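By written order: A, B, C and D. Residues from 1 in each chain.
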């Protein structure tokens, strides 16, 4: 099981702040994960329809979309940051 | 190798700039310059009532610490404090504070400026507008200008 | 045309950064960024006891006002405060404060930085060293680096 | 009579903070004034021996050394500034 956490409008559109998912073996990279999630229902499709804008952190560190997710304990998905 | 540890806080409550300056300078005689940056919630000409600030707990602290440590090393700072608030912040209230201390003025200016530019684009915080009309508005979009401000520190 | 009047003080007594920040921001909702610069008296690795700061009364205020007004116009600042102390200032104590407020962060950084660069090279103040050995030392020499820092704002 | 005011090591070397002087008619510019003062005694010579480094203000505004001094109420002489 992998813990997924969502923030801002990604969280609002998916309708939950976090969940634990069993990911199939063919989900190797962040890109694979985003594609897999979009197949889980229209709320995921609404949140992730433009995957290029989604920012991703593995175990609380920023990663690119071609990063492998093997071994990740927690994966965060969120929009570009607007703090400061 | 740096031996300066940044002071990083992510908190709901307001901060006190004077207390943070004093904490960095009292009892020492090597600090010649202290620069503070305070970011406040603007009312956007009366349209806004407040901003709601969401953050990624744990990662927010880690990411600001990473940025602050880069700044300490790059500008040989004597001290660096960064405090970022979350929750509902009314217009006119403080959002973020950066304090940088150095022997000389340009390093203190650059250190605080560098931390703000990276904090804007990589610290996991998101702002949602709350209007004067009582409605929750949109999430604020990231600005290309913020990416360009960050990129000026390249190379 | 600017309608913002800078707050300028040349004084013996210390200043309070928090009070100056609050004076500039309280009750208004258009300030998004406040930058403060504080210059302190360094001990020069234990060699110095204090600096004696001499100034040209009247001209000091006039010259800082001129610089501050240039900064307000150039960077469209919402507020600018500059306070410069004179007299005997022990190591670790404050010498000068600049506070700049703006809707956006880079203008606040640039405004405070600009005022400091010009204040260093054109405000009529002179520093004399007082050593830990009890002797009055030399007048500090002007630095070429300060002229270069000022010249970066040209053009 | 013209009021002259001195600061920092210019003041220390001349030995006074200010004085009123009647300047001869041939003293037209700041340069002329500096040359004239150097003839008034060794303390003035010690203060002004390198006139290029001396900064000058007429009525509390910075001026160059070729500036005419006619009409000046107060002329300040001092080293390069080291405030801030």
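Keep this in mind: a residue touches a chain if its C-beta (ideal position, glycine included) is under 8 Å from a C-beta of that chain, and two chains touch if they have at least 3 such contacts.
The structure presented is a predicted model; accordingly, all values stated were derived computationally and were not measured.
Take away subunit B in thought and the touching chains that remain sort into A | C, D.
Centre to centre, using the average C-alpha position, subunit A and subunit D are separated by 73 Å. We define each chain's centre as the mean of its Cα atoms; on that basis subunit B and subunit D are separated by 48 Å. The centroid of the Cα atoms in subunit B and the matching centroid in subunit C are 23 Å apart.
Centres computed as Cα averages put subunit A at a distance of 26 Å from subunit B. Looking at subunit C, residues 39, 105, 116 sit in touch with two or more other chains. Among the residues of subunit D, those touching two or more other chains are numbered 84. Taken as a contact graph, the chains are arranged in an open line, each linked only to its neighbours along the path.
The full set of touching chain pairs reads A-B, B-C, C-D. On subunit D, the positions that touch subunit C within their shared complex are 5, 7-9, 11, 57, 60-62, 76, 78-84.
Taken together, the subunit B residues at the contact with subunit A in this complex read 39, 53-56, 58-59, 62-63, 84, 95-96, 116, 119-128, 139-142, 146. Every residue of subunit C that touches subunit B in the complex is listed here, in rising order: 16-18, 21, 25-43, 45-46, 91-92, 103, 105-106, 108-109, 112-113, 116, 149.
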